[in-house]
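I have a structure I would like to understand better, so I am pasting it below and will then ask my questions one at a time.
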Amino acid sequence: MYTISKDNLNSLYAKIASSYDLFMPIKKAGQTNYGFWNEDAEADIETLKTVKSGKDAFFPQVETLYNVNKTIIPADVAASDDAEKAADTPIKTKLEVVPGKFVDQDFVIFGMKPCDVRGIEVMDNVFLKDFVDNYYKSRREHGIVVSLACHAPEESCFCTVFGIDPADPSKSVADVATWIVDDKLVWKPLTEKGEALTAVVKDLLTDDSAVDSKVDAEITSITEISKKLPYANLSLEDWGAGKTDEKFNDETWSKIYQGCLGCGTCTFVCPTCQCYDIKDYTTKNGIQRYRCWDSCMYSDFTLMAGGQNRPTQLQRFRQRFMHKLVYYPTNNDGMYMCVGCGRCVEKCPQSKNVVKVIKAFENKK
Amino acid sequence: MQELKNRLIQLISDGTVARVIGWKKGDMPYNPEPACFSTVEELEDFVYDGFCGANLSKMMIEVANLEGKTAVCLKPCDTYSFNQLIREHRVNRENAYIIGVGCRGKLDIEKARKAGIKGIEAIEGVGIEGEGDVTFKTIYGDKAMAYSELLLDRCHVCKGKDHMVYDEVIGESKDTADSDRFDDVKKIEAMSSAEKFAYFQNELSKCIRCNACRNVCPACSCRKCVFDNTKFDSQQRANVDSFEEKMFHIIRAFHVAGRCTDCGECSRVCPQGIPLHLFNRKFIKDIDDFYGEFQAGKDPEAQSPLTDFTFEDLEPKQAVGRGEN
Amino acid sequence: MQRIGVFVCHCGSNIAATVDVKKVVELVRYEQGVVYADDYMYMCSEAGQQKVMEAIKEHNLTGLVICSCSPRMHEATFRACAAKAGLNPFMVEIANIREHCSWIHKDMEEATKKAVILARAAIAKVNLNTPLQEGESPVVKRALVIGGGIAGIQTALDIANAGYPVDIVEKEPSIGGRMSQLDKTFPTLDCSSCILTPKMVEVAQHPNIKIYSYSEVEKVGGFVGNFEVDIRKKARSVNEDKCTGCGVCQTKCPLGKTGKIPSEFNRGLGTRSAIYTPFAQAVPNVPVIDRENCTYFKTGKCGVCAKLCPSGCIDYEQQDQIVTEKYGAIVVATGFDIINLDKYDEYAYNTCPDVITSLELERLMNAAGPTGGHLLRMSDGKAPKDIVFIQCVGSRCADDRGKPYCSKVCCMYTAKHAMLIKDHWPEMNVTVFYIDVRTPGKNFDEFYRRAVEQYHVNYIKGQVGKVMPQADGSLIVQGSDLLDGKQIKMKADMVVLAAAVEPNKDARKIASMLTASIDNNDFLTEAHAKLRPVESPTAGIFLSGMSQGPKDIPETVSQAGAAAVKVIGLLAKDKLKTNPCTAKCDMFQCNGCSTCANVCPYGAISYEDTLVRGPGVNETRRIAKVNTALCQGCGACTSACPSGAMDLQGFSNLQIISEVDAICR
Amino acid sequence: MPMNENNEFKPLIVAFCCNWCSYAGADLAGSSRLTYPENVKIIRVPCSGRVNPMFILRAFERGADGVIICGCHPGDCHYSTGNYYARRRMALLFSMLEYMGIENGRTRVEWCSAAEGAKFSKTMNEFCEKIASLGENVRLGDLRCKN
């Protein structure tokens, strides 16, 4: 394992940024979110939870799919010569499709927590398994994930419930695992991509085998804290694959959805939500087709000519949690579409969240 | 709290009301949630403490046409919103039983988080007394902060302790205002054009277009928002570009100009901590300056400034550049 | 998908000199929806229109864009042309490439570019046009006149003489209004009642006129051509059909002799009985029992009138009655009153009986008035020697005690009063304090000059500061002479105040019932100050007399006639064509918040509990409904509506946005 | 940035004109041959009260550099009150734009009667100059529309 002094992190960022786009937690106007690092940016790896998860790295909130440009083919007969004839000439236009750009350069996502890294796995199942989404795929192929262990988990965290280890990123699908131990960042490459990145920054790293025991201590410490967290014992016993009928028709939904504003906060901060909408924007001479995140909580989600297929907020509320806790596991070998990051617990304007939903059904028994 | 709870139980038991809109105990000490109670058993989970900041008046829209009366717990500032909803025929006053609940300022858990408090297991001192210290028991040790330090921003510009509309009042209220409502607006007004632009650009670039500000707003109660319908080719499109955000936020604030009671919910719920109330409050300040003081929701009969005029109103060109010269 | 034809006009050289018309044609052909484009020397000519009509048929056009002069010039022409070819006239849009382009730009290239952009905007709009149908609504051929003064009387007579039935609603027991209180009229000095009474009688006898006296308008519903009005007939306590107007009841009423009930008609200077007609020539000549004062109503005893009435028409049990009638048009002729002088303590009006208003002077000088036409002081019944007139009491007033406007009639009636007094009693000294003497009008200045030159009325330009009652019963008037720059103190036996006129107290109430707009001074607002002075902005509501603004009798009568003509013009139609470019509410998006109704100047928006059924909705909601007969298509509601539920047909949000986009492309 | 042959910035200006006064005023400017720059493009609306703030923001979004709203003089509105509401709406909107750091003068309201062709032309000339001096609208624009 390698180490680098925390004081020297800015040089590390600069070094990475000299070869890659560096996507990492940046503090801006009082909030920490993932963003591209530059010399003026305020890097912030102390804040445990960025407001939005890092999923933008692979699935940005807005992404241009392609542009369509319309060009006019001049009429064969000049209008000024013979107006009558010109008027009868069919107008020819040409439509040119300019595809959006796939990511073709490696880039680095730095400081992703193990829960968010699991979020990538969740999205992989959606975007890479059956139908392969090339935009996503290109980003996944080129993204190098540097994961950071959760030094001080917070009360809203419950990743352990989903078998995620906040203490040890090396168990995740990340390319590099890191820890903060004392005043150092510990760096451990996990994959080939991780090794390649390590090679780039090697000059700044110190090979430090003495740190191993300290990392072990950090892992133990985090694990102990995690056990004490209020949600540590949340039970998923009653959820998962095959519970559709039982849960869908449960009366509990009609009670717990009340007060839900139908905003998209939970969806947009969630590391696993991956619904999007595709829209057109009229440009000067054509359209830009883009996709952007959408939320199943919105009243116009999947709006069709005949209206919404889930016209009530109850239905929409149920959909979101059924998807996370039942439908997705049913289709993905039991993997939940929730990683216990706790962002919705902290951010829901009405203090509703996935934990309360799980508990509501628990209390019923 | 117990008095309030007992009264609610009584109202349900004697059939005065069919349901109660209030707050339900959370699973964390700081996250009670707005809820609808229809039985005495459900009311067991009723709670009213310093974290019950949510304005429940908007929930009354949905129950306006239900059978039986609905009791709703409204803090003094929430009653302005309710009045405004009465004015706009969105709620049914006859069908509502308004319990004016005492309020001595509500708390913002973000203030504690900003102060580095995390791993909260229990919180003491968040009762309705609204005084003294709040003690946080966390897995990283105990921490204390003054109740006043934890107040929501809006409580520092409290509109007063009086309920504008109610059937009965339970509990004492306190005016927690300790700063001028327009200070922040004035600060921005004093900036240069470029500074203003940079300030809002910085703040608004955080916007994720989650629509929480809109959906929580009691004035933004449209059945279908202009940003969701097809009438203006302006369907919500996430944060497509920076203009999109500005367009959304200008129009959001504009549509509630003269109707916004300054309840501060928009800023309270913004996951990105954008001070959205600065838009609304700018309109309020301008309306006060241009057309005379107006507090939406104070009087449900009062004509909204944007559906009113006088022959001598100031000209748009007089509305700008006032800071110059 | 539209099939749009674009027609570019040369307008001789008006357009073609600066806009390359051929190039415009060439370029617009590629715009979305355009299937045909052509140019012509004069598009509006018969040949040009023929070309358009042929193209519509040949190319199955669904929309037209005419690039020509201003739509204010030829929009109607091309709409009619489209209609002739079977195309909905509202599928036509004009791109104004003459007034807004060729005539103001010099550079051909730039002008051509602009013409193309303007055409593009029009094309973008037409792409979103929808066929609109002019609606029709039937007209109830009966008019209502609110107010039975000279304005109402004249309007009613003119309408009735044209063959349409008219109802007059008058809140007093008799029609006649203020004019019936006047003694003489300027500038001819005819006797007011002599010219008014015949008209009142004509009204009473006219087969087309029905008078609701002692009645008030209670409620107004409906819209132009179809108003439904509730009229409250106040309990008169006298059977109108049986009463012969013999007057026995009035002469025998015990309260008549006590002198306790002030006569409103005489402005409180005389008294009347409890059962009374306001004046001798009242129409209808049927008395009313004043239930407030009548002994029978107060104590249950008396009943003298009932006992003595030869036709047995006294009915103490009579109740207010609500009559509902339908009208095609309504004329507001609610008239005026003079302002309350409570705020003018300096003139001692409330404390001294010898300080009177000009209207009171009219009664004092009238032979049928309380003094039998003798000019006497109300304090001691003696004839005054010195009379001072004070002008502009509350008129042209900067503060909120009075009115900002000029009352218009005071200068003339004061000249009249001064002249009449000097004529009858040449020994009296008459002084007039004035700010300005305003005498525009036929024979008006001549009239005023007669007062000064022939009758030697003492006109002093200046303001009176104070009127001070003296112990000996006389008055001292203190004022300034602005021309001499001197302070004046002057003895007077009587002071006459030219109090400002103001609209009748009920004007605001009536305007709001009619959703007619009203200004800060409570005068009803005309649809256009210059071009539509007798119409209210609310369709079907017309204005007559002082309710619209200060005016004298001849002006009132001519305005009354003008209002009548407008009413006749309306009633002559069997059906009204309604403007199809009206607001329309999308019920799925409407919040029912009333914002739109608050800004609608025509009262065209009402709210109805409507069953809303659609995907995911099935409930009754409060929904805005636009009455297309009333809506004039201003679109104020559309920009006030927060949800975008309200849209304006012909100028829809998307249409305007598409024009914006096309221009900014 | 659109430039003319002299490399001067040519702003794009959208003018909303009410049908009864200002549009007619513009017609009069035309028939009186009172010139103003070609960059002014007029959109006819029934009344200044019809102008929704969203139209103005839309124009800026789509690349307009200045937006002017013209209506009947206060008191002269064909619909009697439309311009009064417009006046309040625009006063608040303009103040908000200023507050957000948009340069003063990008938006304007002018009352112009059907008889004021000269005023219309003068106003448009002034406004064009003002916008030209402010330069391209960057702060309220949408970059995608520039190509």
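Note that the chains take the letters A, B, C and D in the order they are written out, and that residue 1 is the start of every chain.
The rule is short, and it goes like this: contacts are C-beta pairs under 8 Å (C-beta built on N, C-alpha and C of every residue); 3 or more make two chains touch, one makes a residue touch a chain.
Predicted, not measured: the structure shown is a model, and the values here were computed from it.
Among the other chains, the CA centroid farthest from that of chain C is the one of A. Two chain pairs, C-D and A-C, are compared here, and C-D has more C-beta pairs in contact (counted per touch definition above). For the pair chain C and chain D, the distance between C-alpha centroids works out to 35 Å. A straight line joining the Cα centres of chain A and chain C is 66 Å long. Taking the mean of the C-alpha atoms as each chain's centre, chain A and chain B sit 30 Å apart.
Centre-to-centre spacing of chain B and chain C amounts to 46 Å, using the average Cα coordinate of each chain. Those residues of chain A in touch with two or more other chains are numbered 281, 284.
Among the residues of chain B, those in touch with two or more other chains are 224, 226, 232, 306-308, 311. In chain C, 599, 640, 653, 657, 661, 665 are the positions where the chain touches two or more neighbouring chains simultaneously.
Of all residues in chain C, only 22-23, 25-26, 29-30, 34, 36-39, 614-617, 661, 665 touch chain A in the complex they form. Here chain B touches chain D in the complex through residues 185, 188-189, 191, 193-201, 226, 232, 234, 241, 243-244, 246-247, 250-251, 253-254, 257, 279, 282-283, 286-287, 290-291, 305-311, 313-321, 324, going by the rule given at the top.
Here chain B touches chain A in the complex through residues 26-28, 31-36, 54, 59, 118-121, 138-140, 202-203, 205-206, 208-212, 214-216, 224, 228, 235-240, 265, 268-269, 271-274, going by the rule given at the top.
Of all residues in chain C, only 520, 586, 588-595, 598-599, 607, 619-620, 622, 640, 642-645, 647, 653-654, 657 touch chain B in the complex they form.
Only residues 70-73, 96, 98-101, 103-107, 110-111, 113-114, 117-118, 121, 517, 525, 527-529, 537, 581, 599, 601, 632-636, 638-640, 648, 651, 653, 656-657, 659-661, 663-665 of chain C touch chain D when the two sit together in their complex.
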